[in-house]
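Pasting the structures in now, so scroll down.
Next come two complexes built around chain A: one with chain B, the other with chain C.
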Partner chain A sequence: MRGLSVRDVWRSVAIALLLVAAILLPIGQKNYIIYVLTSWLIFTIAAMGLNLTLGYAGQISLAQASFMAIGAYVTALLTLAGWHWLAALPPALIISFVVGLILGYPALRVKGHFLAFVTLAFNTLVFLVLRNEDWLTGGTYGLSGMPRPDFGLFSTDKHLPFYYFTLGITVIAALALWGIVRSPWGRAFKALRENPVRAESLGVDTRRVTLLAFAIGSVYGGLAGALITPLVQFIEPGSFGLAHSLRILLMVVVGGAGYFFGPFIGAAVVILLPEVLRFTEGYYLIIYSALVIVMLVFVPSGLIGVWGRLKAKVWPKQQVRTDMAEGAGLQ
Partner chain B sequence: MSQFLQVFLSGLATGAVYALVAIGFTLVWQAAQTVNFAQGEFVMVPAFFVLIGMHWLGLSFWVALLFGFAVSIVVLGLLFKKLIVEPILPHGGITLIIATMALGILLKESAKEFYGAEAQPFPAMFPGDQIDVFGAAVSLRDLLNLVISLGIVILLTLFLNRTRTGRCMQATAQNPGVAEILGVDVKRMVLYTFLINAALAALASFLITPVYLAKFSNGETLGLIAFIAAIVGGFNQIRGALVGGLLIGVLDNLTATYVTAQYRAALPLVLLIVIILVRPQGIMGTSEGRAV
Partner chain C sequence: MTRSHRYRSLLLAVSIAVPAALGTAQAADTVKLGLVAELSGAGAPAGTNWRDGAKLAVAEVNAAGGILGKKVEMPEYDTQTDPQVSRALVQKAIDEGVIAIIGTVYSGSTMVNMLVAKQNSIPQFVGSEAPAIVEKGNPFVYRTSSGAQKGVPALTPYFKDTLKAKKVGVAWVNNEFGKGGRNVFIAEMKKAGIDVVVDAASEQAQTDYAADVAKIKSANPDAVFVYMNQEESARFLIEAKKQALPMPLVGEVTLTEAKVIELAGNAADGAIAHVGVTATATEVPGIAAFAKSFEDTFKRKPTHDAIKGYVGVWATKYVTDKVGKVDGEAFAKTMHGLCLKAADHPKILLDTCWDDRGEMSRPSFMVQVKGGSPVVIGTVPAN
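Showing the complex of A and B:
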């Protein structure tokens, strides 16, 4: 183990401060604001998963919302059948993992925009199944009345406890992801992104790594879905359409694909900006999409990349190998 | 049998319009490696330009059509290339894909906010009379749509194969480096491709909007179907996009009539997944030699 550098210390202090801020932020706020903050955390989890698939492993997926749908519907059906949320979570995650693994197979054959289309088609197919198979999913009316998890002394029925519950799960999910990207797997993901041929020739099993990138990313989608169910207590196919996959993709790109903290910033911008722009009424999506285009023109590496770019301008330093550095140049 | 023929012909007519959109999509992909996720909105918007010409500027219908056509070429061709594709393409294909998605939202929401959320009637260029074709009742509009679309495709193919500019464009698409060495103005050819794409989208818009009415959300399905048509037919071939468009139009109509209306939208998607996995170069396409 190498010793802690000054940079690592600063980073830990910053993370601790942000965590304290996340704990203090909702206290004394209106229910609606707590609700928005909770959905920020949940979408952060979904975006973290996509960041692993897209940012670290370089495989584009436009189907993250469909994994949220799988997680949400499995949890909803099981909790409605009387299961505890904690008991319903593992099946939701396992099903997401398996379906993600299956969706990974096309990625073995096709890349780039072809993969974008396959995953896009998958997302729409999941939407159609949810809408049409109303014996299971309630069709367009969806499912409602799912209970929030109750842990004896700690009941999450109120908005504030549920926020802390979600925060706890987000921290656990983030730690797990941190472990994954620091592990040999994480290095293999980046190797796959940077140069699949070289990775293969160095003994990385690119087949397995590609499938895993999809499957693990999907598990994060499923987890986010499993949290949406008790938060909203009402789910319908429309909440998991293609537009939502695009939103999650936007979070990853806006925040900075391939940066560990990118999804936090991206989800904050995508979820909170509409609230800030609310006063513009109908125009907010127009302003918003225009801002995204402007951002892609000027800071394509995401908002988190702005700081690095400024610093590199003022204080240039040695080039690092791209698989060692954070952040992805998406080709 | 007459019902089958009826369903088949109207599918062919819709499919021909899909093909126009898919061809534009293919051309832009070849010339500039741009996958335009806003292509559906590119078909939705020209109809609104025409409506603006008619209702805000007080032009007559045919003049408004010309006005809409010209504005489409400037906005969806020239400005799209200069303001979005040129600055973002160097950052990578996926970044550009996301930018075109954002552009799609921008166009859709702008149409909704600045013109109206309700479906607007759009005058047809031809009467919708029913005529009798071997016992099947087919609308004259469908038949003319089919004839005009095919005519446009033929003209476009002749232009690309028989004129000097067209051949320069093909050379640019095949190998920009060599084309440049041989004296082709590559930048100008790429620009022409974007202009042709905008023109095709505008024509498709004028043909299809009388059927669907002008609505801000028209682009959603149309764009997806055009991509699928382009991929199914073969991403690097004009005739591939044509075949793909016609095939999807016909299959879509046949499924809705004879198999299932509920899963009608699923058929092109399943077709897409199967084609990509089994024959990524498309039915008519030739392998690109690129690691896709």
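Showing the complex of A and C:
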């Protein structure tokens, strides 16, 4: 068995500390902050999915919000029909996966901007279906009053238990993704992103692998949706429009596409930063937008790449292949 | 993967620790009202007027001794016209100790955030007009204008008796607000025996109404009911003028608003609307005084949203003073079935009643845009 390097120990300690921080952070906070932190976790999950599709497999998708919608509506309809959240979750994830496959199969015949347009159209399509099929989705009035999951001794009705519940799910989702990106599939995803022709010549079935990355990314969207339903307890089509897909894309890009922890930071910037800036009142959205532009101009590989860059400048030690060190760009 | 994981982790720690520094203290000799409104995004024209009306009222309430003798503060919370953000902000306002929520204006937001105010037994005055809001059995939500299910039926006599329409069209925006009004209107027309010959749905933030107007023109109804938010109404009116739509365009509340007239320019001339309350009804002394001080303060004409925000704050004051203490449950009990007469409570502007669901009724007006400003052409009794 391979011994743990110093770096691995450091990494484990840092992750453990962060987890402790995530557990301690909401204690003693008011409901609003707990609510914002919970939505940060949920959007992190959605961004993790898109990070897999975009950052690892290099496929740009503008449909992540529509997969959130699918997860959210399936969970909402089933929990309103009396199902337990845990029972409603597998159908939500399976439907997201299947829809991801069905969309991916024709969509992945095209690449780059064209794929972005196909997924954009899909997002609009889902929005219109949700809005127009009132008999099922409640139309523009949406669905409300979905119960939060209750596990006997542990009820998530209050905000704090629900935060911990979401944190638990986020950790599980992150571990699963960690496993995926380290599996042969994960390697294949990266090979595909770096050089699809070479990957294919090495025997990677690019069609199948791309489709898989897309469908797994969709499942993460579905999972995030399944958590939004009990958090907000009201869903309507407008919450899953194209603007939200773009926000999730922004999270991935700002955080650092192709970096495992990128989505955590990206979602923190997109969800938490405007809240932190609220003290500037009328100017907060202007400052926020300006900051995002500055970030994208100066650190196009995402915030998570900043430290690595600084360190490499100040303390150059070991040459890392730049194409592997940087995340996938949006070309 | 690179070798900088620990630094990434530090970054992450910082980014989640920053919001922990948030939080404010509160003084005991003041009471706070939480203004949660659409200060940016698609709802900004409505939300900022709502806020300014409320601000004016807070200044006046403070000049008149405050609420329960305490000074009133009104922190503002911008929802970005996003329902989920609005929910978080109602929560934030309540966390910060407000005694009432003033907002939101967009029905989609109110539908989400009123659950939070209800869970915390905090009274909430909303500017939303979707019928569903008072149908959820929430005892803490109160309107500041009549719901679409009351406002739209008030138009029926106008279509039937004044315009003598036999066939009408309806152009509406497909969101909670538009759909609520459109459904009531179609039901009303059916009852009155008037045919709806064209039903044109459009999107929120749609910019091109050429197809919608052409569709209406070819159906040739006797009159058209236009039910959209401000910016959409203005674009519709501009396109209607461009294509010379000949029949009267009749709306409910928004169609003749100051913001719509400002955006549509002379294309708004001739548009007719039933309005719950209008700053142009200057024969009502309270409204004349309000319109004057609003114009003096903000250098522009108030819209009906401004009046709604104003009435929301004053109603909070009157009712809290009536209850004699800050108590959401007692506030709700007092509100249900309450009638405030303008003679005793001048700042409520018109005799106003709330029923046991928080629905409001008060006399209303028919107005028409003439030469760039809305003119009252008739009064409709409270229904």
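Heads up, the rule we're going with is that the second predicted complex is superposed on the first by the 312 of 331 C-alpha atoms of A that agree within 3 Å, B and C clash if a C-alpha of one lies under 4 Å from a C-alpha of the other, contacts with A are read in each partner's own complex, and residues count from 1 in each chain.
One rule holds for everything that comes next: contacts are C-beta pairs under 8 Å (C-beta built on N, C-alpha and C of every residue); 3 or more make two chains touch, one makes a residue touch a chain.
Model, not experiment: these values are computed from the prediction.
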Kindly classify A:Gly308 by the partners it touches after superposition: chain B alone (first), chain C alone (second), both, or neither? second
Quick check for you: in the superposed arrangement, does A:Phe234 touch first (chain B), second (chain C), both or neither? second
Output check: A:Leu285 vs chain B and chain C. Expected answer is one of first, second, both, neither. What do you get? both
Specify the partner with more touching residues on chain A, choosing between chain B and chain C. C
Applying the touch criterion given at the start, work out whether A:Leu246 contacts chain B, chain C, both or neither, answering first, second, both or neither. first
Between chain B (first) and chain C (second), which does A:Lys111 come into contact with in this model arrangement: first, second, both, or neither? first
Taking the superposition as given, does A:Leu296 touch the first partner, chain B, the second, chain C, both, or neither? first
Applying the touch criterion given at the start, work out whether A:Thr140 contacts chain B, chain C, both or neither, answering first, second, both or neither. second
By the touch definition above, which chain A residues appear in both interfaces, chain B in one complex and chain C in the other? 282, 285
Can you name the residues of chain A that touch chain B in the complex? 54, 60, 106, 109-114, 116-118, 120-122, 124-125, 128, 132, 246, 249-250, 253, 282-283, 285-286, 288-290, 292-293, 296-297, 300, 329-331
Using the touch rule from the top, collect the residues of chain B that touch chain A in their complex. 35, 84, 87-88, 91-95, 97-99, 101-103, 105-106, 109-110, 112-113, 224, 227-228, 231, 262-263, 265-266, 269-270, 272-273, 276-277, 280, 291-292
Using the touch definition from the top, list the residues of chain C that touch chain A in their complex. 1-13, 15-20, 22-23, 39-40, 76, 78, 80, 82-84, 87-89, 91-92, 94-96, 108, 111-112, 115, 130, 132, 136, 174-176, 179, 204
In their complex, what parts of chain A are in touch with chain C? 7, 10-11, 14-15, 17-18, 21-22, 25, 29-33, 35-37, 39-40, 131, 139-142, 144, 232-234, 236, 238-239, 259-261, 264-265, 268-269, 272, 275-276, 278, 281-282, 284-285, 303-304, 306-308, 311, 318, 320, 324-325
